Amino acid sequence: MNRDAAAELAQRFLNGDLPLDALRAAFAGDQVADLADATVDLDRQRRCGYPEVIYAPGKPVDSLLRIVSELIVRDQDVLVTRLEPVQAQALVASFPDGTWKQQARTFRRMVGSSTQTAGRVAVITAGTSDLPVADEACETARWMRVEVVEISDVGVAGPHRLPRRLPEFVDADAIVVVAGMEGALPSVVGGFVDCPVIAVPTSVGYGANFGGVAALLSMLNSCAANVAVVNIDAGFKAGYLAGMIARKARTTD
Amino acid sequence: MNRDAAAELAQRFLNGDLPLDALRAAFAGDQVADLADATVDLDRQRRCGYPEVIYAPGKPVDSLLRIVSELIVRDQDVLVTRLEPVQAQALVASFPDGTWKQQARTFRRMVGSSTQTAGRVAVITAGTSDLPVADEACETARWMRVEVVEISDVGVAGPHRLPRRLPEFVDADAIVVVAGMEGALPSVVGGFVDCPVIAVPTSVGYGANFGGVAALLSMLNSCAANVAVVNIDAGFKAGYLAGMIARKARTTD
Amino acid sequence: MNRDAAAELAQRFLNGDLPLDALRAAFAGDQVADLADATVDLDRQRRCGYPEVIYAPGKPVDSLLRIVSELIVRDQDVLVTRLEPVQAQALVASFPDGTWKQQARTFRRMVGSSTQTAGRVAVITAGTSDLPVADEACETARWMRVEVVEISDVGVAGPHRLPRRLPEFVDADAIVVVAGMEGALPSVVGGFVDCPVIAVPTSVGYGANFGGVAALLSMLNSCAANVAVVNIDAGFKAGYLAGMIARKARTTD
Amino acid sequence: MNRDAAAELAQRFLNGDLPLDALRAAFAGDQVADLADATVDLDRQRRCGYPEVIYAPGKPVDSLLRIVSELIVRDQDVLVTRLEPVQAQALVASFPDGTWKQQARTFRRMVGSSTQTAGRVAVITAGTSDLPVADEACETARWMRVEVVEISDVGVAGPHRLPRRLPEFVDADAIVVVAGMEGALPSVVGGFVDCPVIAVPTSVGYGANFGGVAALLSMLNSCAANVAVVNIDAGFKAGYLAGMIARKARTTD
Amino acid sequence: MNRDAAAELAQRFLNGDLPLDALRAAFAGDQVADLADATVDLDRQRRCGYPEVIYAPGKPVDSLLRIVSELIVRDQDVLVTRLEPVQAQALVASFPDGTWKQQARTFRRMVGSSTQTAGRVAVITAGTSDLPVADEACETARWMRVEVVEISDVGVAGPHRLPRRLPEFVDADAIVVVAGMEGALPSVVGGFVDCPVIAVPTSVGYGANFGGVAALLSMLNSCAANVAVVNIDAGFKAGYLAGMIARKARTTD
Amino acid sequence: MNRDAAAELAQRFLNGDLPLDALRAAFAGDQVADLADATVDLDRQRRCGYPEVIYAPGKPVDSLLRIVSELIVRDQDVLVTRLEPVQAQALVASFPDGTWKQQARTFRRMVGSSTQTAGRVAVITAGTSDLPVADEACETARWMRVEVVEISDVGVAGPHRLPRRLPEFVDADAIVVVAGMEGALPSVVGGFVDCPVIAVPTSVGYGANFGGVAALLSMLNSCAANVAVVNIDAGFKAGYLAGMIARKARTTD
Amino acid sequence: MNRDAAAELAQRFLNGDLPLDALRAAFAGDQVADLADATVDLDRQRRCGYPEVIYAPGKPVDSLLRIVSELIVRDQDVLVTRLEPVQAQALVASFPDGTWKQQARTFRRMVGSSTQTAGRVAVITAGTSDLPVADEACETARWMRVEVVEISDVGVAGPHRLPRRLPEFVDADAIVVVAGMEGALPSVVGGFVDCPVIAVPTSVGYGANFGGVAALLSMLNSCAANVAVVNIDAGFKAGYLAGMIARKARTTD
Amino acid sequence: MNRDAAAELAQRFLNGDLPLDALRAAFAGDQVADLADATVDLDRQRRCGYPEVIYAPGKPVDSLLRIVSELIVRDQDVLVTRLEPVQAQALVASFPDGTWKQQARTFRRMVGSSTQTAGRVAVITAGTSDLPVADEACETARWMRVEVVEISDVGVAGPHRLPRRLPEFVDADAIVVVAGMEGALPSVVGGFVDCPVIAVPTSVGYGANFGGVAALLSMLNSCAANVAVVNIDAGFKAGYLAGMIARKARTTD
């Protein structure tokens, strides 16, 4: 709602044409698109810096296409996460200029060229099984127009593998570390750098791993002060936070 | 280790005066002060951007004074956390230019004037019982020379309390949200802003709160994409992360 | 057992025709229909205000049909929950005047017109994935002849979505709030209204959601005083409680 | 905010004397008293039907007195919960017309006569150890001006104890059932009545009771459809919900 | 209620002097003594074979004395469990012919000579720390007039200790096995005998013992078919079950 | 090993024909049949009163047939539990005089007539979904030549259903109670009888049932003194314990 | 890196041809083979005594073949664990001189004759269902060129089965004990021997076994001092530790 | 029991002077000292390589003195763990040639000179708060006459601290690693060495540490193959296992 619209409402209220409750409601929210089966938050780019991201599970294909179209016609960058192959194939068919990453389970479509990047994020994984989660983080950061570097398979069992990659991540604005099993890698990375580390526990492992809980607890209890944690397998959220930090670090207000 | 010291070692090795293993060890680590009962990490400011923070529990008073002295003589800003009153009183007696915040359980001593700040952090609490944790976060951010604004007692049970404080936190570089009970506040704050939210679950509550686990799970499962989590009652870590993000956002590289 | 039947038993006992134990048993219970494979509680409408509801899982189709018939011949409104499609199809074939809601997994058949309603219940969901549970609640309330309004997809991540729907639920007699992930919505709704809120955690989510436990704990720890909780995914129970409250609120004793 | 105040704000905005953001904020919230160390929600009676209840833990005595005074001068009924004896004694000294119930840990002060009640609540306990929690529920309901009947020590181990008290609770508008150990009593009570049952698990018990978790799970899984659950030991919340239901049942809109 | 009392009630009902509801209630329960602060179940000996046992925690001394007196005047054997020393001392002072076992925390007073025993129970402990729980089981069995043999400190770490005691327990009618830590002893005992083994996990241990949960799970998963489990530290319940089995085994119906 | 065999060994040892270690081993164990892939415990009937029961999961069909044959040739009653249909069909084909109960997943073959029974066990279920577990208990008790009575679908939600069946179970020697959901039935049954109650939690239920843990905890915390617990869904173990108690109660030593 | 390579690097650094950071990195790590999709640790045999073991899950067949080839060309013994059949068949086809154990899910290929063994490990299982985990331990120990003896089906339910096998394991250098259900066997074995016992909990069991957690807790709380624990079903790790201990015990330094 | 004693027993049995059961019992166990309140296992040194270790908690002082005396008169090395100060002072007063380590809570008394050591164990801690647990491990290893080196405060937060101590532990026969918080250190140490690592989680930490469970899970899930785990805070058990391995590694059979 811009100033003019607000002024019109205020005037109608003073004229007695608009009850007080209606005025309250109008000020409370007006930036929503009510589709048949979803309420798309169109105000989010203004409010939060980025458009709404679409979480695919359970959404019928036609509903998904409708929501994506709605964003595209409003010139917003599109990111869809946790896609089933059948959903992804429908998106690619309808919007061939978008990018489907199968392992990451994401679909991304940028407005205009996506080359102008600001900030730099490193995404580091402990083992090769952590790659799908890491890829989701990477695609999310790219959607935010942030530069991404991936460093894989440098877990603590082979302790000489990480230091030799140090030059690649020591200057990042934010680092995502993805690890399962005992989840020790974020603490080790955190001790080497002066930027925030977003730790993502993965459900990789077996036995008393409890679907990622062992790694989650490990990361929450990290003795490194610069380690924050997101949910198990939450590659998207980690990429989003890292991208947001990198953008802030490189953007002149 | 600077270049000259490295060159001398290399020369001695080539001369056969230094075995290969000793050379390796020398390159591996040389930035440590071995006190009687602790190994102080003096390299941390260079490596991580800030000096080592001292975690007080279990440390005898004389040991604590020795470590703090060690940092002061090297011109480093001092932060001690989780102080018992008897420890704090000894610090204040020895270093009267430092600041003890009783509720935060912190002792902070800055080198020179602490007025030049860079970046701005908001620390928001759900209820008054969350204040000690929030204060620890505030003191940590101040030690990092970041501007801090505190907003208290705006939990979701009175939903009109948060929006009226919006102007105070909407432009922060990072926000710390401290909440116990059901831990819903970070999600709500996250929906209003375009910066990272560091959520701190507190052990405030009773019944099936499980010492903060209910709030922790709530925050990990937050539907807001910009919410990362730290350990229960971990005010220090939240303040550290928020301060680090704020510094990055406002510092020209 | 009415007064006459009781008097006859008492007389037979006094005459010595009925042992004391038999008299005790007769007073203890006589309102049950012993079918081949179930014990239908026919007294429940008198005792609890509503007929017995049939929980479908594990019941063979013929057994299910028999139980439903038993209720119909006694002029009782029928509600079956958690139906498998094959069970539902058999019910629809046998009783075409009943209503099968596929997403809600319910079958409902009312005696006479179902238009006369008493009381009003709002059923609010956080996200579209919570709809099946919400639908079960709605169907249950309708079976209780209570008016229902559904409000969907107004979770806290888009905090401006709920207040604009306030007029629709602010005057309800009871509100069901269905939410997964961090389960924060019931607290927020609870702060806006002066009626009981029945919170239903759903198993929607991933990672450290633990099949709905995160939302369950969140709701149990709600800082809003008017929030009670039912089991995970227990749409039926929430609808039943809300309907019962609404009926009480609108019925003259 | 009444209509006149709203009109004045709208006019100032149209005149250009008030920025749009300030207008938004004014509409968002204006019913708050900012004390030194708390934000009292004065709008709650209008919004939720009852004034704010004061949770005592951690509040300094002078702060507590100040908040209670604030409510009294505004003619609101006062309820304070979870009082330490020292807090309670200060309240009694300052407000001798209030009532301190030591076992319930509550302080209650009513405006005018509290005799006119509406609705009726039964509070039933399984064992004598559950009494403190039950008393908190009773005091809460009384503060809501609802009639209360207490029935104690009728747990399932002596199964003939409950039915003989049936006439006392069968006509209640809502029932609070307080039980520890295996928490079976709410299910049994639920099978006898046609009103909502609010179950409160208590931390009474030992061994694998886990501080009330055994009873909590039992109640969540109750096979009785009219049983909702609140947090462990949450007597206040149970009394509040039951009182709210009773008021609705007996109040003509 | 005997036949005469029942007949009188039935006659009054037929005469119209007693409403139907009152008749129902009278038949439902009449074997209760309503003390000031407790409802003593006087019918239990007839119904369950033994008088009510008094659980001491939280009971004021005078209330405890009153309940014990009530049982004594009705010629019932008395057992009080989980006594605090102050409670126990008051019992001993008032009823000097009773027995207080300090380690077991029990008070027992028998009617007449307690020598005539029926059946035989063995109580076996893994370590000396399990003795208090075992003693509670022993005293319970003695109160049931069953012969008891105690075998201590024969845990599996010294595997040759148990077999040499075999002759003492191989012919018992029931065996109580009390063990903390890994709780392996019941499985081993179960493999040697042809009678039921009641396993009692104790909270003895440290680390990942979780207050007895490790032993509890171990016992529930016992590969021996004749092992049933009671709650952690529940010596009373184990002794009660074992005594009941022993009585049945040796009593001619 | 009988006396003669022992004497021969002792003589050989004295003659120097048998080393000390071999003598020790011989006394330690000699009652085992080493099949290709299992070690059958042939001594169990002597030691524990009943032959070894065969747990089917994971056993190849031919191995299963071999073990059953081994028992049959030694005139032992056979019980096999947790059978897959394919295993069961092979057993029926090879031993047509045995009984396969499909719902119970058991195979039972008795030596001679199985009519002479001793003792009586009642098996009570809360709901129809608990029947498979109850049937396993029944078959186990029958294999032990104990009389069995089944009482189904008498859970606490319809509280008048249990008392009317009282005459059928009040005189049992032991009672198995099978219940899922909140697991309240064993406590209620325990309050009516003077014999041991073996409670079996089942994994029936949903939401916060946690695969039977809710019922398990409920039963462990039962306020009835005569309730012991076995593992979740452990119908066999409950039947075994109840049968053992019943046998003891009715057998003259 | 040998002395010559180190000297060359040192000289280049002194000449100014190599920056300090590059020198540091070179010393940190140089023993890695960067394949397309994995980082093989070729230095492990020197550092840890054995080559890297390949964990198969999630590895594409061609990637697996490439890694195995890489090790073979460097004359290292190969061990692959947790193989899917399709992976195993490809390995057997390519390297027919290797050994695939289907139940153990391992592939092993030794360089030269594998007969010269050092040390001796016993692998003991409680039941036949524990065999796959035990086999993985055996294959691992064989790959380490350690002698292995397997003893199966000697769980505590038949307590006379273990002692008669004592001569086979009493002189082992290390013992692996594999057990599910209540996990009591390691404690019993630990009491008989003077060597370390590595306990492996298995996920065998049902009910409150929780996928091996019951056995895990039991083993962690073992009262035997010589029992260490590895993860649930972690046969490989147990075999590795036992083999390492056996090698140390029999190798002259 | 030596050969002569066995022969005498065998002869008495053949003569009919000794029943079969008595003979069995005599062979089963004869190496036990039955004190008033404990059963001391005097055979353990022969069977397990070391005398019984005394666990102090709950033992009265006089009982403790009696047990220690019993071992001393039999020329066995003494180790007492988990001492309360009052117990320790009594031991020191009675046996002044023993060593009480206050932080380790141990008392140790060696027979003759304790200088001849065999094998070498390293005990490494992550932080200074882990020292008490580490000290218990050290004292245990010393009691086993193994050489011990302690390396403290080298946790992963300062990643350059561990490698510089490498020469001190790289050649150990076994390593104990003690760590709380996220428990990452054992994995890192495990990657550097070719000997077994015994990991001890400590209850050091706060928040979601859960009394050491976070570290425990982390260690169980360690990606390093040579890491075994003992119970939380179980310094004794870790020292015992490491000492046993070191002894084996250095002892000629």
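We call the chains A, B, C, D, E, F, G and H, going by the order they appear; numbering starts again at 1 in every chain.
The criterion applied here is as follows: contacts are C-beta pairs under 8 Å (C-beta built on N, C-alpha and C of every residue); 3 or more make two chains touch, one makes a residue touch a chain.
In this text the structure is predicted, and so the values were computed from the model without any measurement.
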Once the contact rule is applied, which chains count as partners of both chain E and chain G?
F, H
Tell me, which chains sit next to both chain E and chain F?
C, D, G, H
Chain of greatest Cα-centre distance to chain G
D
Look at interface E-G and say which pair in E-F, B-C or B-D is its repeat, using the rule that over half of the contact pairs are identical by residue number.
B-C
Superposing the Cα trace of chain B on that of its twin chain D calls for a rotation in degrees, to the nearest 5, of 90
Taking each chain's centre as the mean of its CA atoms, chain B sits from chain G at a distance in Å of 41
CA centroids of chain D and chain F: separation to the nearest Å works out as 50
Note: chain B residues in touch with at least two other chains are 28, 157-158, 191-192, 207-209, 213, 216, 220-221, 231-232
Inter-chain touch pairs (all)
A-B, A-C, A-D, A-G, A-H, B-C, B-D, B-G, B-H, C-D, C-E, C-F, D-E, D-F, E-F, E-G, E-H, F-G, F-H, G-H
Okay, in this complex, where on chain E does chain D touch?
21, 25, 28-32, 37-39, 41, 43-44, 57-59, 203, 212-213, 216, 231-234
Could you pull out which chain A residues touch chain H in their complex?
126-127, 155-159, 181-184, 187-188, 190-192, 205, 207-210, 213-215, 217-225
Help me check something: in the complex, which residues belonging to chain A touch chain B?
47-50, 53, 173, 191-196, 198, 216, 220-221, 225-231, 236-237, 240-241, 244-245, 248-249
Taking the complex as given, what residues does chain E use to touch chain H?
128-129, 152-154, 157-158, 160-161, 163-164, 166-167, 206-209
Under the stated contact criterion, what part of chain D meets chain A in this complex?
3, 6-7, 10-11, 13-14, 20, 23-24, 27-28
